[in-house]
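Chain IDs A, B, C, D, E and F follow the sequence of writing; residue 1 opens each chain.
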Amino acid sequence: MAAQNSTQLSDEILEEAFEKMRLGAAREMPDQKTLKRTARHEAGHSLIAWLGGNPPLQVTIVGRARAAGRMEPERNEAKGNYTKSEVEQLICECMGGRAAELVFYGDEEGLDTGASSDLQQATHLAMRMVRDWGMTDDFGQVAIIADRGGHKSFDGPLAERIVETAERIVNQQLSRAINLLNQHRHYLDILATELLEKNRLTREDLALFLPPIQ
Amino acid sequence: MAAQNSTQLSDEILEEAFEKMRLGAAREMPDQKTLKRTARHEAGHSLIAWLGGNPPLQVTIVGRARAAGRMEPERNEAKGNYTKSEVEQLICECMGGRAAELVFYGDEEGLDTGASSDLQQATHLAMRMVRDWGMTDDFGQVAIIADRGGHKSFDGPLAERIVETAERIVNQQLSRAINLLNQHRHYLDILATELLEKNRLTREDLALFLPPIQ
Amino acid sequence: MAAQNSTQLSDEILEEAFEKMRLGAAREMPDQKTLKRTARHEAGHSLIAWLGGNPPLQVTIVGRARAAGRMEPERNEAKGNYTKSEVEQLICECMGGRAAELVFYGDEEGLDTGASSDLQQATHLAMRMVRDWGMTDDFGQVAIIADRGGHKSFDGPLAERIVETAERIVNQQLSRAINLLNQHRHYLDILATELLEKNRLTREDLALFLPPIQ
Amino acid sequence: MAAQNSTQLSDEILEEAFEKMRLGAAREMPDQKTLKRTARHEAGHSLIAWLGGNPPLQVTIVGRARAAGRMEPERNEAKGNYTKSEVEQLICECMGGRAAELVFYGDEEGLDTGASSDLQQATHLAMRMVRDWGMTDDFGQVAIIADRGGHKSFDGPLAERIVETAERIVNQQLSRAINLLNQHRHYLDILATELLEKNRLTREDLALFLPPIQ
Amino acid sequence: MAAQNSTQLSDEILEEAFEKMRLGAAREMPDQKTLKRTARHEAGHSLIAWLGGNPPLQVTIVGRARAAGRMEPERNEAKGNYTKSEVEQLICECMGGRAAELVFYGDEEGLDTGASSDLQQATHLAMRMVRDWGMTDDFGQVAIIADRGGHKSFDGPLAERIVETAERIVNQQLSRAINLLNQHRHYLDILATELLEKNRLTREDLALFLPPIQ
Amino acid sequence: MAAQNSTQLSDEILEEAFEKMRLGAAREMPDQKTLKRTARHEAGHSLIAWLGGNPPLQVTIVGRARAAGRMEPERNEAKGNYTKSEVEQLICECMGGRAAELVFYGDEEGLDTGASSDLQQATHLAMRMVRDWGMTDDFGQVAIIADRGGHKSFDGPLAERIVETAERIVNQQLSRAINLLNQHRHYLDILATELLEKNRLTREDLALFLPPIQ
């Protein structure tokens, strides 16, 4: 009668932490090490956005509710469509947080579970480039309508090709983000330090130490 | 407690813009650059249709409701069936907008998210050529009945062959559209300029500066 | 705010035409070119049936209701089963309309959307030869029961083999139909001309100018 | 407005005939040619059963209800399980009707739609040999439980292997049936002739001219 | 009007027999030949269990209800987990019945439909070794969670690998069972003879002529 | 009438044992051999956790309810995200129980059914590394969204790649666990012996004989 399923708690720890995030009950202040990592992550998103001509309205590392770190982009109401390079820039911004962690913590320690929703968004945009917007050579100009609404049972040769192409796109933008952050490491350091110190920076704050937007 | 999912807004921007289109609340006037791009896109659709003997009733770039740019084709009530070359012409017209953007903005910048529904329609027609109308060598004269109504879980060897064939058809018509627009670049320029200036052109307006319909 | 989805009408044209057919509201008389094509198409069905020993009861090109052109075959009440060659003859009759269009209009212009339901029926019969009646070498004498009622999610190696075999069968019968029509081109021309002139021919009418049934 | 879908009747003929069978309204007597074919078909089933030691209780070619031809086997109440060779004998009996048609009408004309349910039963038994009874080398002694109740979406590598193995089994038994009928052609001829003459034969009738059961 | 679906009864025989088993109406005594086969089958299960250190509480060949033959194993309440070799022993016991039939009746005649549920249980245990218990090299220590509850539409590369591995495991245990029975043929013969004579043997009865449990 | 499905009980034994665990009715005390195995299993989990800097709050081998053996880890409320090496450590802890059994009982006897939920958790974490967290080279930084909520019908090329990668990760951590336990065999022996003797050890108890946490 010995069921040795004792480590099932390891998984519960993760679930509980995620649950807490979802409920937004941030009663407990994260430790300094965690805050520093968040500051660097958000600095990555923000610098990539800034360099790409999309200066955020503000960026924070300790929020009132759910998401602790957060970069708030400007919304351009008059903008309807996005060109291929504009979508690629959005993907690059998504990957900016992980890129910063890789730059600061190295190839192994730079990977953590916190980038999960960033990856999901980047993948979603990359898949739409392939599937809906005809922006890759792999599928040409075809819109794969069969894919609509049928995600659940979609695992065959088409799904594989779509995922492989999306993978290539996302990896390219991650590489581009890493290169940009290395090139502008000075600004990345300042941004992360300022964020850790002030918790919240507006676009005006950012303009004080970042290069002029092109 | 640091969830760094801050760029999720990038995706929301897109969704919001699409939502606005769907609701038709065009309260805000698009900027001049966007209007110019729309004019060129619609000029592409219209010129391909005109050259193919399907002169549109009218074409606009700022509509009252949802779709800003729009080419309204004539409806031929007495026409029942379409030959292979007529269906190919319809696909070519669908791709005329993107073709014009590629001609004006180049291979990279010519790709944008606005062509999404054009691609979907072209793909739909190409798939019917393969699946329903026996118009390709790839599937011969067979009508793939299994495909009816079962789009959602359709991802296997048959779906792959259908998509590959549709892809080839759509790409051929895009190339044809680009060639036609390059050959008649003079008319394309006039049409786009006129549209940008007048916002709306009827068939009679078009007949003033386009070549006689063959 | 520029959504350039203007050619979506091209697809609506098709749908509308199909809808009209479905509702049977044939208020508008088709033009002479369309009538001529219909006459040739129905002549193809009828001649293949006649030569195969299945003389139709009547054939028309302008009906009261929905289907304009129509060949009405005789129903043999006492006939229960069909041999392989009889089923092949039925498929050949299905393909007779498209065969006639290919003979009259050539390999490209001979393909049109009107043959859609003919193809579907031919495919259905060919698939039953493979799947239910053990009439091909590809699947031998096996009845693929798994296929029953599960069309929707059927796209794997078995579906592919079935479709490929059905494709071969339908293409063979199309070739046979073309050969037969070319051999009896004289009768095909007379039949099409008579149909275009009289709109409706009974078996007795047909017997006046077609060869005796074997 | 010309929809040339006129041969759709060819399919309706088949459906109507099948419907009639289903309802059992055999008001119209089949013609002599059809009766002869039925007699030969049923003679095939019966002779294979007889030679295999399963003498039928009776066999008819014109029934009161639905199925015109019919061989009624004896039911052995005390028999629970079937050995591999007994199941193979059952499959051979299923294929006996088609085997007789192939013997009498040749490789092409011997195939007709009437054998559809025979094929289905033979296939069902062969699939159970593979899937449930561990009677083939291809799947060894494994019972493929995943297959239970999930026929509809079952089309992958396992389904293909099962169908291929079932195909081999059914084809072997068809060959065996043909060989047996050729070896005992004399009895087959007598049985078919007697059936055509008397419409119904009991086991006692059969024992008068068939060899003693081993 | 000739539907030659006369052998459909062959399948009904099987179904009826199965139905009867399910309902447990064993009013009719099986014949001596069947009883002998059952005795040998149950002797196989029992001897394998006995030699493996799992002596059954009792074994019968004519039951009051549903299952005629039946070996009742002891239930060890205090036993929670099973090692790999203990699970293999359970599979070997499952295959012991068929193994005995193969030993007594040979490679062909030793296969019958009665072993169906034995095969199913052996397969189920083998699949759990692969999928849940990390007991094979083929899937290593991974638990394929995707498989849970989704049997119906599970037919892809993973399902194929799982089935192939399960197949290998079951075949190995069948071979082991055959070897063991051949090695202890003397005991197998006695056990089968005693069972046929007495219909029911308890563990105490078995201990009188079987070797001491190790 | 002989249904030889007598060993179906072998499977019932397993089910019953599992059921009992689920209901938590541990009225019967496990035997000494089982307790020893449980002690060694839990010692494996605990030592891996301790060496990885995650000292458990307590560990037991006989619980009041359901799970007999159990290691209770500390919950770090302030911890939000996990780096790649932290997730790998969690997987290593999951595999620590089986690793200990392999060390004590050898490659064959070290495998038992009790590790089932450990394997499931390790696999779940490994799959999230692949699918959600971009922590492997195989799928790069892509988040395979199609996988969400659609486990049931997920068996195609993508599922296979995910499972293969997860398999590699889990096997690596099992090897690492085995190596660690072999290196610290002395501590493992003490821990297992103490657990067997005292049934329950707190972190303070563990600190008395385990090396200081790094």
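The rule is simple: contacts are C-beta pairs under 8 Å (C-beta built on N, C-alpha and C of every residue); 3 or more make two chains touch, one makes a residue touch a chain.
Keep in mind it's a predicted model, so treat the numbers as computed, not measured.
Undergrad: How would you label the chain E and chain F contact, same or different, if same means the shared numbers make up over half of all numbers there?
TA: different
Undergrad: Going by the average position of its CA atoms, which chain sits the greatest distance from chain D?
TA: Relative to chain D, the chain whose C-alpha centre sits farthest away is A.
Undergrad: Compute the distance, rounded to whole Å, between the mean C-alpha positions of chain D and chain F.
TA: Going by mean C-alpha positions, chain D sits 56 Å from chain F.
Undergrad: Taking the mean of the C-alpha atoms as each chain's centre, how many Å separate chain A from chain D?
TA: Here chain A and chain D have centroids separated by 64 Å.
Undergrad: Can you give the whole-Å distance between the Cα centres of chain C and chain D?
TA: 32
Undergrad: Of all the residues in chain F, which ones touch at least 2 other chains?
TA: 1-4, 17, 21, 28-30, 34, 37, 68, 78, 80-81, 114-116, 124, 153-157, 159
Undergrad: Under the definition above, what is the set of chain A residues touching chain F in their complex?
TA: Against chain F, chain A makes touches at 1-11, 13-14, 16-17, 21, 28-31, 34, 37, 68, 95, 98, 105, 108-109, 111-116, 119-120, 122-124, 126-127, 151-157, 159-160, 163, 166-167, 170-171, 174.
Undergrad: Flag every residue of chain E that touches chain F in the complex, lowest number first.
TA: Chain E residues touching chain F: 17, 20-21, 26, 28-30, 34-35, 37-38, 41-42, 45, 49, 59, 61, 66-73, 75-87, 90, 93-94, 96-97, 114-118, 121, 124-125, 128, 132-135, 139-146, 148-150, 152-159.
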